[in-house]
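Look at the two complexes coming up: chain A is in both, with chain B in one and chain C in the other.
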Partner chain A sequence: MSTPTLNSAGKKRGRALGVTLSSYLFLLPALVLLFVFTVYPVLYGSYLGFTKYTALQFGTGQPPQWIGLENFRTLAGDDLFRIGLANSLKYLLVVPVLQIASLAVAVLVNRSLPGITFFRAAYYIPVITSVSLAAVMWDWIYNKDGTLNWFLKSLHILGQNANISWLLNPDTAFWAIMFVTFWRGFGYYMVLYLAGLQSIPAELEEAATLDGASRAQTFWRVTVPLMKPTILLCSLLSTLSALRVLDEIIVFTNGTGGPLNSTYTALLYVYKKSFGGLDFNYGLASAAGLVVAVLALGLSIINFRYFRDASVRA
Partner chain B sequence: MRLRKRLRQAGVYAVLVGILIFAIFPFLWTFVISVTDSGSVTTGRTVYDFPASLLPARVTLANFVTVFQTYPALGRAFLNSVIISGLSVLGTLIVSSLAAYPLARNDFWGKAAVFSLIIATLVLPTETSFLVNMLTLAKLRQLPVVGELLGVGSYLGVVLPTLSTAFGIFLMRQAFLTIPGSLLEAARMDGATELQVLRRIMLPLAKPSLAALAIFTLVGTWNSYFWPSIALTGAQDKLPLAVEMLKLKGAFNDNIFNTAAGAMIMMLPILLLFVFAQKHFMRGLDGAVK
Partner chain C sequence: MNKRLTLTLALTATLTTSALAQQPVQIEFWTWYLSPKFDDYIGGVVKEFEAQNPGIKVKAVDKQATMEQELVSAINLGSAPDVVNLWSDATWKGAENNLLLPISDLMGRDELNKLYFENPLSNFEANGKIYGLPWYGSLDAGVMSYNTELFKKAGVTKLPTTTAEMMAAAKLIKQKTGAYGWAPAVKDPQGASFLGNFVAEGLPILQGGKAVFNSPKHAALLQQYVDLYKADVIPQDLLRKEAFQLATELYAQGKLATIIGGPQALNRIKDNNKDMYAKTGVAPAPLGAAKLQTGSGMDLVIPRASKHPKEALAFAKFMTNKANQVAFAKIVPIIPTAKGAETDPFFANAKKSKDPIERATGMVGASGASIKYAIPNVGKTDDLFKNFNDNIEAAFLGKKTAQQALNDSVTFWNANMKK
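Showing the complex of A and B:
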C-alpha cells in the first residue's frame, strides 16, 4: 500500500515543481522589464548621486568615480538648484486648491440630474489632453492678444490698454503654468472623489438627515470623515506630481524655465544637468534627483500623519 | 416649495455650465481657429479679435490640408504615434496578462513575495529613472544586430521601459481572480496547456479589463511628451505627434490656423476613443484606486 502513496506524493511534488516553473516562465518578461527599467534605475541612480560621472566617462567606458558628498556640496552652493527647489515647493500651492475644487465638483456632479453624465465626461477631457497640446492651446489664451486679457478687460479687472503676455512676464508665468496643471488635474481627482462618494452607503447620510442634521452638517460630519482614505490618496498623488513638475515647464518655456528662471523647478535642473543642457553631468543630476526623492518621501509621511490624525479626531 | 426647488436646480445647472466652459474652452477656441478661413481674417482684424472671431466669417477645412503640405513631418509623426502607441498597448497587454495569470491562479513557491515586490515598485522614487534608462538604452544601442532596434532612437527603446507596470499586472490579476475556478479545472482536465488556458478561457473572460488597460495605455503613450522626446534623440524621423506638436507651433508662429489644425488632428483620435469607450476610462481609473 505504501508504494502508491509514495508515488502520488512524488507526482504531487513533481506537479508542484512544474507549476512553480511555469509560473515563473509566465512572470519572466514582466519581472525582467520591471527590474531593468524600474528598480535598477532607482538603485543605480542613487549610487550615481555619490559619484563623478559625465558623458565623457560614459562614452569612453570609464566607471563612475566615488566622491562621497561632493555633488551635494555643489548643489548647496548652486543658486539655480536653490531656485529650482524653491519653485518646486512653491508649486505645492496647487495641491490644496486642486483638491478642494475637485471634491466640490465631485459633490456637485454626484446627483442624478438629466445630463449629469455628460458634464462628468466633459470635465474629464482636459485630463486626456497631452501636455504639449495644452501648451499649444493655452498659448492662444495667454499671449498678449489672447483671450485671457480680453476676459479680464471685459470684467474691468485689467485696464483697457493692459496687454500682458502671461507666459513672458516673470511675475505671472509661474502662476499661468500652475493654472494649466489645475485645468488638467481637476477632472482626474473629481473622478476619484466621485468613486469615493458613491461608495458611501446612502443609509448613513439618510440617517443623519433623519436625525435632523443639515446638509452641511451631514457633509462635514458624515461624508468627509468617510472620505478620508480617498482624500489621503488624492492629496498624496497630487503632492508628488506637483513636487515633480517637469513636463509643463519644458513645454511652456521651451525647456528654459524662464523668464528669468521664474519657472525653473528642481526636476528641470535634473534634466538640464543630464541631457537638456551642455553639462552632461550625470552624477550631479542624480544627486539633485535624490534630494527631490527625499523631499517626496518626507511630504508623503506628512500627508499620512496629517490625514491619519485628522481621521482619529473626527 | 416647488419653485424653490426649480430655482435651486437652475442654479446647479448654471454652475455646471460654467465649469463646462472652463474645461472645454481651449478646445472650442482651437477648433474655431482650425476651421477659420485664414483669407477672411483681414489685416487689423485678427483671429484674436475676440469674441467676434468665435464666429468665423468663412469656415473652411483647407487648414487641415495646408498643414500637411507645408509641414510634411506631421504625417510621419502621426504614423509614429500610431506605431509607438500600438506597440505599447500590445506589449503591455501581453506582459501584464502573462504575469497576472500565475499570480491569480497558481500556487507556487515565492508567490506572495513576488506579488509584494511588484506592488512595492509603485512607491519607488522615479525622479531620475529617465537618466539611467537613457544610459541603458545607449548601451543597448551598442549591441550588435539588435542595437538599432532596441537602443536610443528606436521605437522599441521608447516602448520597452513602459511595458511592465504594477498597475497593469494588478488590474489583470484582479480580473483573473473573478473568473470561476471550475472553468479552469475543466480545461486543465481536458489536457489544455497553461498558455491555452490563458488564451482560450482567461483572456476572453477578462475582456473588459483588457479594454480598460489598453485604453489607459493608449492615451498615456499617445499624450506622452518627455520620455519620447529624449529617448528618440537623434531620430527625428521617429518623433511622435506629442513632440512634433511643439515644433509645429514654433514653425507656424505667424500662422496659427495651421497649428490649430495640427492640434485638432492630434486630439481627435483620443476624443473619439473617449466618446465611444467612456466607461472603460472610468473603469481603468477605478482599478488604479482599488
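Showing the complex of A and C:
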C-alpha cells in the first residue's frame, strides 16, 4: 500500500519540477535579454568606474587598467561634476510639483462631463511631442522678444523695457528648462493617475459618503491611500527622470550646460566625458554614472518607504 | 573515375579561388551632412571611381550630428568605415587616440605637398604627421553678404573693410533700423571661436608652448565685444548658438544686416527667402588688423581599423583631387584645397557675375592656399575650449572682468595643455 503513495508523491514532485523547469524555460528569452542588455552593462559599467579606460587604450587594444578609487577622487575634485550633481539634485524639486499638479488634474478630469475626453487628450499632447520640436517652441517663448515677456508685460509683472532672455540668464535658465520638463511630463503622470483613480471601486467612495464623510475626507482617507501604489510608481519614475535629465539640457543649451553652467547636470557630465567628442574617458564617465546610480537607488528606497502601503485609513 | 573526380575537384577549386580573387573589395565612405542635397555629386564621383577601379566598390553613407560617436562605436564593433569625412579638431583627437592611420606614412610628404596646399595640409597635422587629405574648405571671414535695404536705411554708404569699421556700422544699423548689424563669433558649442578674433587682430594665442591670450590688448579686445553685447548691438543669442548658424537664421528673418563667412549661407537664404536674396549684396569681408583670412575645412581620414586601407587611400585621393573639388565648387560655394584648382577659369568668371552666390564663390573660391585654422592643436580640446568658453561667458554676463576671465582661462590652459 505504501508503494503507490510514494509513487504518487514522486510523481507530484516530478510534475512540480517539470512545471518549475518549463516556467524557467518560458522566462529564459526574457532573462537572456535582461542579462545581456541590463545586468551585464550594469556590472561592466560599474567595473569600468574603477578603471582607467580611454579611447587611446581602446584604439590600441589595451584592456581597462584597475585604478581603485582614483576616478572618484577626480570627481570629488572636479568643479564641473560638483556643479552637475548639485543641479541634478536641485532638479528633483520638479517631482512634488509635477506629482501634485498631475494628481489634481487627474481628479478633475476623472468625471463624466461633456468634452472631457478632449481635455484628457490635450494634456497628453506634450508627452508625444518630440523634445527637439518642444525646444523650438519654447525657444520662441523664452526669447527676449518672445511670448513669455509679452505676456508678463501685458500683466504688468514686467516693465515695458524689461527684455529677459530666459535661457541666457543664469538665474532663470534652470527654472525655464525645468518648466519644460514639467510641461512634458505632466500629461503622462496625469494619465497614470487617471488609470489609478478609475481602478478604485466606486462602492468604497460611496460607502464613505453614506457614512457622512465630506468630499475632502473621502479624498484624503479613501482615495489617496488607495492611490499609494500609483503615487509610488509615478514619484519613482519622475524622481529617476529628474535625476537623469539630459535631453532638455542638450537641446536647449547645445550641450554646453547653459549660462555659467547653471543648467549643467550630472548626466551631462557623464555624456560629455563618454560621448562628447573623441575624448572618450569611459572610466571617469562610468564612475560618474555610478555615483548618479547610487543616488537614484537611495531615492528609490525613500520613495518605497513612504508610499509602499496601500490601505484605507480608519 | 578517380582521375575524373580529381579533375572535377581541381577545376572547382580553381574556379572558386579565381571567383573569390575577382570579387570586388567594398569600402565604406562616410560623409558628414552632405545628404540628400549632394547625393548626385557624391554618387557621380563614386561611379566614376568605380569605373576606373573595377576591383573596388564604394558604399557612401551620410552621417550627421552623432558622427563621432558612431565612428568610435563602429570601430569598437569591428565594422569601421574605410574613409571618413572629419575636420581639424576631430582629426587631431582621432590621431591622438590612435584611431587613424597617418596618411603621410601611406603616401609620403612629397606627394602630399605636390597635390595639396601647405596650409590646409597643416590643419590635419598631429605629432608631425598628416592624418587627413584636405577636402573642401571655408574661410572664417570670407565674404560679407549684406542686406542692401538695411544698409541704405541706416545710412551706411561705405562698406566696412576693417573690424573697427564693422563695429561702428553695427552700432549705426542697430540705432537706425532696430535690426542687428553684425553677429561675430563669441561662443561656439563645438569650439572656442572667440580665439579667432584674437588671431584676426594679430594677437597671439600661444607663445613658446604657453597660452598667452591674457595681455592687456587681448583683454581690451574682449571688452570691446562685451560692450557691444551689453548695449544690445550684437545678438544676445551669440552666447547660445554658433555665430554663422545664428547669422543665417536672423538674416533670413530680416533681423540682421550681414552674414560674414563662406558664401554657403546664401544658398539657404535663396532657398528659404527669395525676396531677401534679391536684396542681398556681396563684398569682401572686413578683416582685423592682421589682415589674415583664417579658415577651416573638411578632410578625409582612414581609420586604423579599416580593412582596406590601400583601396581607401585610392578613393580618398580621387575624391579630393583637383578636378573633383572644382566640380564640387561649381555646385556649392566651397573652397577647393587641391593645388591648381585656383587657376580654374570658373572662379574668375564667377567673380564677374551679378548673382550673389556666384560672385561670392568667385571671390573666395580660389583662396584654398590661405585656409589656415586659427586655433592651434593644443590637445584636450574639450576641456580647454569648455574652460575658455565658460570664462568668456562670465565676462559677457558681467560675472568677471575681461582681464580676470582671460587670466583664469590662461592659468587653466597652461596647467592642462599637452606639453
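What we mean here is this: the second predicted complex is superposed on the first by the 266 of 314 C-alpha atoms of A that agree within 3 Å, B and C clash if a C-alpha of one lies under 4 Å from a C-alpha of the other, contacts with A are read in each partner's own complex, and residues count from 1 in each chain.
In this text, contacts are C-beta pairs under 8 Å (C-beta built on N, C-alpha and C of every residue); 3 or more make two chains touch, one makes a residue touch a chain.
Just so it is clear, the structure is predicted and the values come from calculations on it, not from any experiment.
Colleague: Chain A superposed: clash or fit between chain B and chain C?
Modeller: Clash: chain B and chain C overlap once superposed on chain A.
Colleague: Of the two partners chain B and chain C, which one touches more residues belonging to chain A?
Modeller: So, of the two partners, B touches more residues of chain A.
Colleague: Quick one: classify A:Leu56 as touching chain B (first), chain C (second), both or neither.
Modeller: Once the two structures are laid over each other on A, A:Leu56 reaches chain C alone.
Colleague: Once the structures are superposed on A, label A:Thr256 by its partner contacts, choosing first (chain B), second (chain C), both or neither.
Modeller: second
Colleague: May I ask you to decide whether A:Ala86 touches chain B, chain C, both, or neither, giving the answer as first, second, both or neither?
Modeller: Neither partner.
Colleague: Report for A:Pro170: first if it touches chain B alone, second if chain C alone, otherwise both or neither.
Modeller: Touch status of A:Pro170: second partner only.
Colleague: For A:Leu267, using the defined touch cut-off, is the partner it touches chain B, chain C, both, or neither? Pick first, second, both or neither.
Modeller: In the superposed model, A:Leu267 contacts chain B only, not chain C.
Colleague: Identify the partner contact of A:Ala162: answer first if only chain B is touched, second if only chain C is, both if each is, neither if none is.
Modeller: neither
Colleague: Check whether A:Phe275 is in contact with chain B, with chain C, with both or with neither, and answer first, second, both or neither.
Modeller: both
Colleague: What is the contact status of A:Leu33 with respect to chain B (first) and chain C (second): first, second, both, or neither?
Modeller: first
Colleague: Can you tell which stretch of chain C bumps into chain B once we superpose, 62-70, 98-106 or 350-358?
Modeller: 62-70
Colleague: What part of chain A is shared between its chain B contacts and its chain C contacts?
Modeller: Chain A residues touching both partners: 58, 143, 254, 275.
Colleague: What part of chain A is in contact with chain C in the complex they form?
Modeller: 54-56, 58-60, 80, 143-144, 165, 167-168, 170, 253-256, 259-261, 272, 275-280
Colleague: Under the touch definition given earlier, write down the residues of chain C that touch chain A in their complex.
Modeller: By the definition above, chain C touches chain A via 68-69, 71-72, 75-76, 89-90, 93-94, 96-99, 187, 189, 236-237, 239-242, 304, 380-383, 386, 389-390, 393-394, 397, 399.
Colleague: Flag every residue of chain B that touches chain A in the complex, lowest number first.
Modeller: Within the complex, chain B contacts chain A at residues 9, 12-13, 15-16, 19-20, 22-27, 29-30, 33, 46, 48, 50-51, 94-96, 98-99, 101-103, 106-111, 114, 118, 121, 124-136, 138, 160-166, 169, 194, 198, 219, 222-226, 230, 233, 242-243, 245-246, 248-249, 256, 259, 263, 266-267, 270-271, 274, 278, 281-282, 285-286, 289.
Colleague: Quick one: in the complex, what on chain A touches chain B?
Modeller: Listed in rising order, the residues of chain A that touch chain B are 16, 19-20, 22-24, 26-27, 29-34, 36-42, 44-45, 48, 58, 105, 108-109, 111, 113, 116, 119, 121-126, 128-141, 143, 145-147, 150, 183, 187-188, 191-192, 195, 230, 233, 244, 246-247, 250-251, 254, 267, 270-271, 274-275, 282, 285-286, 289-290, 292-293, 296-297.
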